[in-house]
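Sharing a structure below in structure tokens format, with a few things to ask.
Which chain is which? They are A, B, C, D, E and F, in the order written, and residues in each are numbered from 1.
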């Protein structure tokens, strides 16, 4: 089984980290393809960045689809281009926010999301509503570290994220944490161990859900809104 | 990995069928335990039946928990006793309605449920609300075949279910079907092939989701409402 | 008129207290039957306890039904087994959370619930949603006193409950309080007097609503989901 | 106990009928006062009629309050002036739509409302939302008979209402009917008998609920929005 | 184009201020008519006041309608009588709360309302729900200054309103403010300048929306609920 | 005042038609700029088309912003890129679906949308939810004419649209129609005249609302999510 993970920003080091995290949870026999667009923003922190990354992201989906990918994962917590990707993919397509929120609803009564910059919280809130997960999501907290600073030791990202996670457990009446950025995937297990509650990274969650749907033989429905795009001229 | 599937009614032939369907989608290395309570109703078709099956079902969860089960599945579309089971389990616990509805939301815009008796439709509607899946569920249709008649050739269950599935596609504006009874698990692939849209059986879906969560190391949160029951006297 | 009140736990002293409170508000001519199951947990503080009390509770409903009860009340704030009871009863059946929340919506704009242990708050929240009372319920507060400690003078339950009621009025923007446990029924009037706002005990509220429906000749509808259970074999 | 019922239109024959229906369900010892404003429209069929009846209705509330009424009922299915009445009353105040919908939610899973003119359906829908009863109300049907024609034998109101009730049971998936006009109060029992499901008249329901709250010692909360109006000059 | 603005209280100085604010934003060629009823309360601070102002308000709508008004605005933040006014008007009718909330949803992600007395907050919350604006409205704050004290220099209204606006920006996670009283219309620009975020006065907003609809040729639909009132006798 | 209208597809004849319709309702002194991207799909009929048009659309917003536009309108009924555009614009930005739905809520109780292809209905439904207009929108109907066929006489678009409008009035219980495509702007008045109810074109509605907000001095709030995009590298 081949699962194609697209990091929609153009930062190759982040793509590598995402691929590594994915491989750690993939079942034997699953091949993980990790890629990113060649054009677009180096990080995604708002509606404009999202809009600008999507054409490149869709090109990666098309490329992997032609290469025989069984499923696709969009590895940015805003799930940019998810429905457009579903139109051009045959197999299942997951957003990592989607996968993470659903997983959280299975193991906890309520979760808080801990994400990067405050300006992205509204995007996560909107996704929670679209996926029906609003009733499980109690709060969305920003540690105010930019995406590309997560890997900068000077940012002390781990401490800042832990701080927001602890506040979530103390103040939000939740029993589960969702990490709100693909760039936090490598911190998930350590945080969970320290907090003693389920902590969910969407990249890993999406990998196992995608494997599951492929094993079930489920593909994106082509009956309605997610049918292949109409053939038309592009200038 | 050991996954414990409890058929909450006391009909052993149905338990066997459920186990078989589960094993067909399980990953290599997954051990499927299929069991049912020794006391309780032979089928579950309403609130009273649900209430009466739960103590036996919980005993099976406890037994499997002691035997080292990594996850549990409650294989009745009303998901009876789900939250009580989460209190006594350490690993993840899935209801098959829960798993099926979430899976449907990943591959289709909207689904209809096709279930057995009309008197159970309200239970499914209530679950859709609890799981946040109400916005994806457009209709709940009953083929008016009792659970134990699904295996009775005289009932012509396949034809009756197909009929409701077709009506769902024609009238409900959906692109995906959820089968609303564990006893329909064996019909899922044939129906999907005939209709050309994703058709989802909750037993299979729950198996792959449970495998995924176990692989992710996620367990039922013990921080809040699903903590182990308080020790107390039972008369 | 005969109203059957089932305390679903097995603590007889609590049953006696509930019966007494009920009789204080019952109209002349109303006979109050107070009972409890002979098997099950001594108190109900979570989903598991609820699940385990229900078969005994339903046996009491059946017994009273045979004895000619005109209506039934389930005297535990989680309203366990309410819909199952409606299937086997002919007359109206009330949960005390149901009755209390509806009564609160008649005399106040918004209420807070003050209950026993924090682990039960989610159950009350779920009921508020089911009854359509979510829009009136602003908060659910736990005084963290176990059900059986309410009558233990050492717990100083009255003070702890008063403290949460006062916080509710100060912080929750409510004008009405609902007491979240049948074991608090005897404290209702004193608290109301001290706070100067309506304070509602579900046992008393349920008695007057049940009397009303019986007087109106209204019975549980047998047309749909609450029809009598299907006859079937129980192992 | 004295319960003041205000028919907010100025048609005295309708007031008499309402009073009679109320007395039939009132408990021994309950005194029913039935009155109507001296000014305003002869029937209420829309927002404008509602707005014009309210000052006269509030005058009747004030008058009865001064005379020692323990509770008030507004006997028009649009519940006009309900919150304004709660500001000037000390005891509980019920609208008949409010009482009917709540009663219906106690004995059925879902109800349809059968009312007079189609132009009033939106008012009933709005009330269902305000009372949290939207989730129980499946449809609002108009028999297109004007309020004052209900008593006109030529209108054959009983047959027209029965027709809509039957359609509701066949098409709306409901197990309970709410009659949407105080002028239908006298038909309630006959319709219920013929249909075999609970049929609810708001006047009767409001009487028993008001009796209940008075017996419980509950009064309109004066802590917040329903406090007595501020003293001010009226031109 | 003639736009009729009714201040529904009987305080002429407030009517003058409203008219002046309206004229400042009106397009060239728009004639602003500002009026108030001759009977009713001098200010509107609750349900009772609202109920009592409506007949006088409707008389002003009728009068202006006869005089050829193209649109009407009800200049009180509770939007009293809005639907009744729509029944008797031919052109569009706006409430100022309606206009302000919609305008806020166009320029900000979320708004808080800053209003006069706390007892009116529930009315504004109800309107937010009716207009679909609940999802944009994060909080409703009262500065606890009575309507008629807004113009009393001793009240220091500007400082008190500014204080609540600042708290809204700090605590409510909003990027936009709605002023919750027609009597605050003259303060809008100064507050906006000082805070650096959009601050919205409903009178001005309603004027430009009303002009827009008239220019589009849109009138109140007479097909359904807002059709002209039925002819009937008024006592 | 300069209002920049971007037709996000690359069909210049449609841009011309949109500009013409806009100029017909613009106030004296308003300058209408109508433009379209130089790259992207010739029509927009699904998520993929939307995603692909957005970068070109945003370039047009930037260009007009630099040229001094006071407000922007996105003239495609899916409102593609609306929030991204709000990040880069200083003045107000409207989507035509947004403007049309809000306008409809002002003049009718409920509306149906009549749009082009069925595969776009879900996009409109999602927008109705985001704008809080879901409660006013009763149905979304497709006439199954592709966007570019609207101007093809052979499609008989006018008749097909009229047919769906008539069905909406007969079956959906609405009193108002929203046209769901910028390409229908020129048909709006004729349809309204024929049906006798308000029929709303989003281009015209957006023009008058944009004029209104500019006149009020309201600009897109830069305090939160819609602040200017962070400076970052684009590959």
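Keep in mind that, in the parts below, contacts are C-beta pairs under 8 Å (C-beta built on N, C-alpha and C of every residue); 3 or more make two chains touch, one makes a residue touch a chain.
Model, not experiment: these values are computed from the prediction.
Engineer: Over half of interface residue numbers shared between subunit B and subunit C means same, under half means different, so which is it?
Structural biologist: Interface between subunit B and subunit C is built from largely the same residues.
Engineer: So if I superpose subunit B on subunit F by CA, what angle comes out, to the nearest 5°?
Structural biologist: 120
Engineer: Suppose each chain is reduced to the average of its Cα coordinates; what separation in Å results between subunit C and subunit E?
Structural biologist: Comparing mean C-alpha positions, subunit E is 44 Å from subunit C.
Engineer: Taking each chain's centre as the mean position of its Cα atoms, how many Å separate subunit A from subunit F?
Structural biologist: 31
Engineer: Counting only residues that touch at least two other chains, what does the list for subunit B look like?
Structural biologist: Expected reply: 109, 122, 224-226.
Engineer: In their complex, what parts of subunit F are in touch with subunit E?
Structural biologist: Contacts found on subunit F: 25, 27-28, 92, 94, 98, 102-103, 105-110, 131-136, 169, 173-176, 189, 192, 196-198, 200, 204-205, 208-209, 211-213, 215-226.
Engineer: Given the complex with subunit B, which residues does subunit C contribute to the contact?
Structural biologist: 10, 37-43, 45-52, 54-55, 58, 81, 83-84, 86-88, 118-119, 121-123, 126, 129-130, 146, 224-227, 229-230, 232-235
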